[in-house]
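Note that chain A is present in both complexes that follow, paired respectively with chain B and with chain C.
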Partner chain A sequence: MRSSDHNGTVLAKSIEEPVEISSVGTTARPGPLTANLIRSIGIIGAVSILPLVMPINIATEILIFGIFAMAANLLIGTAGLYSFGQAAFFGTGGYAAGYLLAHGWTSLPLALVVACGSGGLIAAAVGILSIRRLGIYFMMLTFAFNQLVYYIVYSWRSVTGGEDGLAGIRRPVLELPFVGSFSFDDNRSFYALASVLFLATMIVLVRMVNSPFGLVLAASRQNSRRTVSLGYPVPMLQLVAFVIAGAISGVAGALFAMLYRIMPIDSVHWTGSAYVVFMVVIGGQRNMLGPVIGAAVFIWLQGLFSLVWTRWPLLLGVFVIVIMASLPNGLVGFVSKLSSWTVKGRGQRQC
Partner chain B sequence: MLWLISAQLVNGIAIGMIYALMSFGLSIIKGLLNIPNFAHGALYALGAYLCYSVVSLGMSFAVGLAVAFLGAALAGLALDRFAIQPVSGSGYLPQLITLFGAALVIEQALLIGWGTVGLSYSPPPILRGAINLGFTIVPRYIAFASVFSALVISAVWLLIERTKFGAYVRAGIERPETTQALGINVDLLLSAGMMLGAGLAGLAGGLALPLVGATSTMGGDMLGIAFVVLVIGGLGSLYGSIAAGVLVGVVQSLMTIAAPAASTAIIYAVMIGVLLLRPQGLFGER
Partner chain C sequence: MVVEKALLKVDAIDAYYGRSQALFGVSFDVGRREVVAVVGRNGAGKTTTLRAIMGLNPVKSGAISFDSTRIDGMKSHQIARSGISYVPETRDPFSLLTVEENIMLGHRRGSPYDLRRIVEWFPDLAGLLRRRGSELSGGQQQMMVIGRGLAPGPRLLLLDEPSQGLAPVVVKKVGETLAALRGEDLSVVLVEQNIGFALSLADRVVVMENGIVVDRLSSIESQRHPERIERYLGIH
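Showing the complex of A and B:
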């Protein structure tokens, strides 16, 4: 018997996955404060070392796609909403901010607010139409809306540049009163900007996942009907999560547009949505670090494969199939499985 | 004007029948395996390229269509064996991702095998020219594509509704656990369903070859359309996708008269309209 998620198996699913809220987020386990501190220092340390061990633009790209993947994980890992249309919001944010930056408005806060707002707005429109559909239906709808956004970008040539992408994007400038203005033309200062936004996103998302809001989302993932019967407005909360994820994806898209000073049309294509889901799945979904590792692996592989062969997506496809067949719980799931073999008696299921 | 509209209407029905063929395959796979087949577009492109190879070797178009069907069906079997089955125990997200990976592999393999330049093929002599119906002229190939698709869909309908295999398929869609318990090899049934669905996608690709040629992006474009058709038809309904396919083809063709640039966007508008008025799709059940 194969298809495990067949309709009407709500009961079987809830048995499979007992309500286990404690394994949802990085800091969910009531550990000592020092553990959290060590973890935070580790992440900040990793972010600072990253540009020293690889080309700085690759490091920046990893952070950008890390932000994108964390936003997708709020939907996939926490809320159980399998969205296949996240590239639409990434692209919307990138094109909106890119349009401003290419036409003389170079203020950083303005660009970020516009990216965030446009990504969130499109996500709200898509979410209202699709959030009540479940499972595969939701996935196909988000996919279809992604295609719609792609066609709009493709045909609205005067604004988006159509097939050629939106070129001529300038890096933004941050004007601070009394301090002066920062420009991010240098790749190192741009990396600093990306890492600040990356860490901020991580803090916000980890806190959100562990907040009552995140816990209700996780509960609705595990058993939607029971959560509704407890009185929580599940579709409303899911819509809010969808909009938040869209807004954060928009910011990631804006950073991507600023990084290479061009917004390519490929960035709104549905393959981008599939890639980000893949990042989340290979990294592991039960904490926010997983998607970031997934993004890093993905960007690294993409760079590696594209050097080897112009038909690199083929290698990527083979890699996807092999990794899914061997590690269905992702790399982080695999590592924590290993550690649960070595550390016995802690009795915590991680995967 | 009436002339133009009726010509576009006939055109739309032919394209819609190809959409229907494609989405019907997707619908069978979705029903049996409970996954949206992300490799369906790649299988469609595979069918078009296989058909092109066969006819450029000098064989007839009929052989080309047969090879398109069989080749895509075999690819479907391989997908089931090497992409879907290995991850079947771990929920459907890994299955989707592997199907997506498989789509990447197929599309890149097509580019390696046939190059990046789009290929075109004009229909065999017997299907060239047009039939004058008095109020409009119907190109022969357009008429052939519509009739042939309708025949194939009817044949599959007979297979599903009137044969023992079809009864197993319907049982597998309705109650997979019970079907398994009754001693039917559901795994084998799923493989057969995957082959059938994939074969229909390949056949649709072969049929579309004389109309749109074979290009590297055809698979991805078609995948989006097929998903929209499935949503409009209603996910619970096996046959809703057929009517929805024709509807989408006709709407798209008529739209090219008014605003050619918006002809692809309009199908999404139709989808949104259907979702607002009838969230379960035109033929779906709640």
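Showing the complex of A and C:
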């Protein structure tokens, strides 16, 4: 079977190599190898340059919230689950790891495993009770659970520090056999740790979104009942995605606690859940780069506006409204649209 | 008419929409490699019957067995995994996914039908695999969703009004493909209002009216006595 157009060429290839469901996502979605390579080099380059162009703690914060926003985008952008309770998992991971680090357990793997496990565990509990609810009911349930976690943290003063937050958190240590131990007390080494975790999270989430699992989540976002009748246990798969996002949010929370050596109670407040949704919306939900860009812009603007006016949240609100009204696909969507216009324009000029 | 060793056995099922009863003791069988057409006017209960088989409409009484296993009460995804595919009247393409993704979403390991096979049946899809589901015409969408229904390698295909809203030339193409599937180990329940289309493919015809099975005919009977069907459809 032959076809003269581009699609035909692609098809000819797919027909010669029968596609199995296990490989569908990876064959159909990402662009050519070179484009992926350029994109990867660009991301690694940007992560390397970031601390040179801004205070290192702000750069680290961008990576941490980038991780948090990518996890939220697995739910929002891929599965279509608009959770307004992600701060609960961020906070749980931060408090759990922070508690260990403040009480003499300084092992990095232990802190990360506990953060990941506690975030995932709370997400499983919340998810089991809310995943079958649709639309606004799902949003409200996740929001309500967020508030529940907030009040537990607020009231459990002996463990969490209550209103004052959990203080006295120490940076972790990584013990490697035959090599020695690495301390992350220095901000540059801590940035390197955050970079490694950020890139690892991005690789894992991009692969997940492009896997058959991600394809089923994307299909269920469009028509859940039809996806079920194709033989997929959609609520179970959505729950798995919710737990994964919760676990990754927990890791982001742990990094945040390590960065500032304190876990403030604000980190578990529902506004944190709203902020991460804003980050996803500002950057765009189409791919995992969008939420990272959203996180960077959000954190940068937060700093900028707070210098300009004490009522800075008002300016931030106006910015989010403008983005939502004018760029429904976020900044990344706008940039790709702009580049496609440029390519079209060049094509027309050449004609 | 009872089929020896039926693949699908629908036995006196009642189904409701809320408090309103839609099916009243509906019974019929489908044998292996058999095409059974279910015909009737709008509101006769044809789609509800398919949805009940698929577990999308709960069955209040009666039984549905597939390959000698009770499937009424099972979850929809479990029914699909047992070997039944449902192609709905509304088609429901995943509009943001590509044609290839739409088709392969239905694929399961061990299925005899890979992408190459499905495109051989629907060559019109050949140049469209990278297009989004929303970018296709009605006929192309219909071919895509039938392909999606075949991708898991089902033993029973439930087709709801596959000719609806399609140009006659496209209906002919779809009919030819369905006829070509006769060589496969596949049974089909075909719900149709287009009687000519249904009779050209069916081994047997089940006629429904107001949620009740009112007549059953073999292919020969339906061709010799079309008036038996037509009177229920209000053609005369």
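Keep this in mind: the second predicted complex is superposed on the first by the 312 of 351 C-alpha atoms of A that agree within 3 Å, B and C clash if a C-alpha of one lies under 4 Å from a C-alpha of the other, contacts with A are read in each partner's own complex, and residues count from 1 in each chain.
Assume contacts are C-beta pairs under 8 Å (C-beta built on N, C-alpha and C of every residue); 3 or more make two chains touch, one makes a residue touch a chain.
Keep in mind it's a predicted model, so treat the numbers as computed, not measured.
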Contact breadth on chain A, by residue count: chain C or chain B: B
Partner chain(s) touched by A:Ala218 [first = chain B, second = chain C, both, neither]: second
Partner chain in contact with A:Leu230 - chain B first, chain C second, else both or neither: second
Touched partner set for A:Arg132, first chain B, second chain C, both or neither: first
First (chain B), second (chain C), both or neither touched by A:Ile152: first
Chain B versus chain C as contact partner of A:Val281, first or second or both or neither: first
On chain A, positions contacted by chain B and by chain C: 1, 3, 5-7
Footprint of chain A on chain C - complex, ascending: 54, 56, 75-77, 80-81, 85-86, 88, 92, 94-98, 100-101, 104-109, 114-116, 119, 123, 126-131, 148, 152
In the complex, chain A residues that touch chain B: 1-7, 76, 82, 84, 129-130, 132-133, 135-137, 139-141, 143-145, 147-148, 151-152, 155, 269-271, 274, 277-278, 281, 311, 313-314, 316-321, 324-325, 328-329
In the complex with chain C, residue positions of chain A that touch it: 1, 3, 5-8, 10-11, 14-16, 18-22, 24-25, 27-28, 215-216, 218-219, 222-223, 225-234
Parts of chain B lying in touch with chain A, wherever the complex brings them together: 30, 33-36, 38, 82-94, 96-98, 100-105, 107-109, 111-112, 176-177, 180, 186-187, 190, 220, 224, 227-228, 230-231, 235, 261-262, 264-265, 268, 271-272, 275-276, 279
